[in-house]
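Take a look at the following structure, please.
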């Protein structure tokens, strides 16, 4: 879709008390890992990963965080939202046996990915990480795919105790995989990107975005200036490791560097 | 033997540019890294995002929307502020010899003078005065470059103290560009940059019944503005002697040739990045070179305003 | 029951229009027959080519050229002259009850007054002052509608003697449309028509090395000008009370809705004829009606400037 | 082609002392009866019928008349011309046995038509009319098509004496045809359009043109306002007969009616 369009919300699924999935019944030509820019034309416009897409339509899954995402919770079926996209480089779908690890709002794009891999007949293990069982999302949907789901919660209230990064490390030690796909908070991604492994790995990262079409420079990352909205948001492990700012800082809306808390650095 | 390098290498205000293609202000130019990316893609000279005295986060989204033949945008002059901005210039300069234009924005002569003082202490090669941002009218009213008197005043105030050549970036949204071009030249500008975004324009979503851009209005860029950019460069270059940076909707080598024939000395490419990738600079360099080769020209200067007035 | 007819029938300055779609000046409007063709294709009101005191053959060709998202044109106000022109209006009126706007062009108030005297003796329903032709600058300089003072003066001179309501057609090529809209209203205009062609723009053929249009410059029309047209109608309608004819790049019912939401009372379609055929009026009427139906609106007036300012 | 382009003249054929054919080796997607707008970007821009078109390129055939067309004679191979088009409604190619009648610069578009008909295996009789043998064009080209060519000259210096209209009338009386296609000066067209016949007939007419894309109104004809550049230049006999101005007047560049000399009216 080259133009901005407004679409009727056709279904809203409450995943948890702070996460909702918004479904639109117009098809969009999207691949797993790609995102749309979503706006109410009042509060703002933000990037959201596509959490499913087929010939019947597509969905995005939103966690209430700040003004925009919380504002989304006031919308009802039948309301219209303004949409641009899809944007970004999707995951490179490999064959063989695949390991997926997602934490928080990293799970929705990975669910879309798992579904497409499953459609292609690929074997998938999905590590689904959350703070606690209340924040766990897509558990049933992933089970319905008939794939091996490993649930991790920080407090052990569901599945194993630990975070998705730990779950991934354990699983990688236990079995061989042809590719690993990861999405989630930067702290988690950083730990995983630092793993020394020969397995092909792709990670979906987030940076502040404005234009999403590669011209405003807002999401350009150091040191090469490549744009997360065009050359990303999915990068392979080698590329991620070259990003000197990854896990260290990101830029705010004004373009200033904002350093992550200590926890994120090695 | 004439080569791409010899055909395209060009002098701009005493600096030698490897290619006549420029990254314009506000396109990719937030950080040292993004300027570098443009250089590595074939740009011969780069411009920073317009810097202001204080950091600005810019307008809330949507800040951009596709329209027929281009985009409307109202970023709202988001930038990290002049102090942080000149640090990015230094960082860039560690890694590259390519000339940098520091674009600055203020709302009155005093603001521009203060910004110039910062730039004087920086490693920027040129200073560009953004007299023409159409996207902050809610805050500041019509752009300064709507008035020849103000243009001359601001440019003079800056040239009086600037240690580096001053470029005036003018607005296309005026009844007679010649007056403004002459005013900038009289004020002491070493070059003009034409055009900033057009209009501005506006889009309304009819299902939501609301303007699409949070700022309501947004300046137009991309292929749809090219005829107006070419016209304004042609008109301005017919009255001033200083060189002109021609831009607005340039996508191909043919577009670049058209802009040179209209009277531009070097050519900016911004929105084109969306249509042809960052690699657009390399592509256009090659296309420009091929055109010159096929038509037996030895250098881009030979086609500047060629025949046009005959 | 609400029908297409009841939803789209609209009052314009006391005349009842079957549909809110207008054939703008200079598009197809040379002869009674071509006005009639537009009516039979679904236009609710038609405008003649801008008439001058003397016949004009217009500029030599090329007078038009396709550009990204539209056209640049410089017809050069070709028209058979006011005397012949009002005969065509009479011929049209024999065959149709649809209101006719007589567009007139002159370069000073006296010329407009003389033209108005002719129109007073004609069967035209409205007179439109073309204060904004961008394509005769070589002859006459920048359009009259660049100056609020002149706009007010010309409009007042005409309204003083005109027997029919006066419409002022304004130029988009100004830094602040609000000043001009207010000037026209103050001068006594009954309505505004926005926008005339944009720019003008210019195209250069790089193989021949010459401007493509014989007039060098030509005003832009078509989809690429819509964002600017919508913006100017929105701005003008925020300051004046008189109705506005909104046009510039309207192609579809959705575009027409957008223009109404921006504040237009009726909608012009010119260049759209190229893209969708003469039948575009019927198509847009149907699309407009469908939109209103789907959204449960009873009449186009209900969407005028809806929500926009909320 | 949606955009204006400039093309190199690749070949110039001198048909007579006042008629030249300009050939371009870029293909154009054109059908017989369509025209292009041709300009040197100095003198003007005028409509010219396409006189041949295939995958190797196309041509137009120009008669030196006024400033523009005479100016064309200064151009040489290798020079560039600016071109828009093709424009207009082409001939409706019928099957069966076909009669074509052309006079003067009406012949070039009919040659293109005849060639296409011949390609489709249709039987064609071509009446080629000119003032005298010096002004006769395309005689050899038409012969090469292997169709029946009847040459008519006003002075009898070549072929039969008489004009194309007379030739057509005689031929129509002698044999039955499934369709008749005509192009030439308006006087000739008028005579032919007035013939009472059941045979399907199409005529190519000329009106002053400026935009060629149907928006300027210059070529709109009375009483319906239909545009010769879009709904024409080819009209069938019924449609032509409804044009009250046909054979009576046409509009000049200012839009004023210019009446034909007496000779043209019935």
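Lettered A, B, C and D in written order, each chain numbered from 1.
Assume contacts are C-beta pairs under 8 Å (C-beta built on N, C-alpha and C of every residue); 3 or more make two chains touch, one makes a residue touch a chain.
Treat the numbers as computed from the prediction; the structure is a model and nothing was measured.
Trainee: Among the remaining chains, which ones contact both chain A and chain D?
Mentor: none
Trainee: Take the average of all CA coordinates in chain A, do the same for chain C, and state the distance between these two points in whole angstrom.
Mentor: The separation of the two C-alpha centroids amounts to 50 Å.
Trainee: From the C-alpha centre of chain C to that of chain D, how far is it in Å?
Mentor: From the centre of chain C to the centre of chain D is 36 Å.
Trainee: Please output the residue numbers of chain C that touch at least 2 other chains, ranges allowed.
Mentor: Only 203, 206, 208, 210-211 qualify.
Trainee: Name the shape of the chain contact graph, picking from line, ring, star, complete and other.
Mentor: Here the contact pattern is a line, an open path with two ends.
Trainee: For this structure, give each pair of chains that are touching.
Mentor: A-B, B-C, C-D
Trainee: Considering the complex alone, what residue numbers of chain D touch chain C?
Mentor: Within the complex, chain D touches chain C at residues 2-4, 6, 8, 37, 39-46, 80-82, 84, 210-211, 213-218, 220-227, 251-256.
Trainee: Within their complex, state which residues of chain C touch chain B.
Mentor: Residues of chain C touching chain B: 67-70, 72, 142-143, 146, 171, 173-176, 198-204, 206, 208-211, 216-218, 220, 222-224, 226-228, 230-231, 234, 249, 254, 257-258, 261-262, 291, 303, 306-308, 310.
Trainee: Write out the stretch or stretches of chain C touching chain D in their complex.
Mentor: Within the complex, chain C touches chain D at residues 26-38, 49, 55-58, 60-66, 71, 73, 75, 78-81, 84, 203, 205-208, 210-212, 214, 270-271, 273-274, 277-278.
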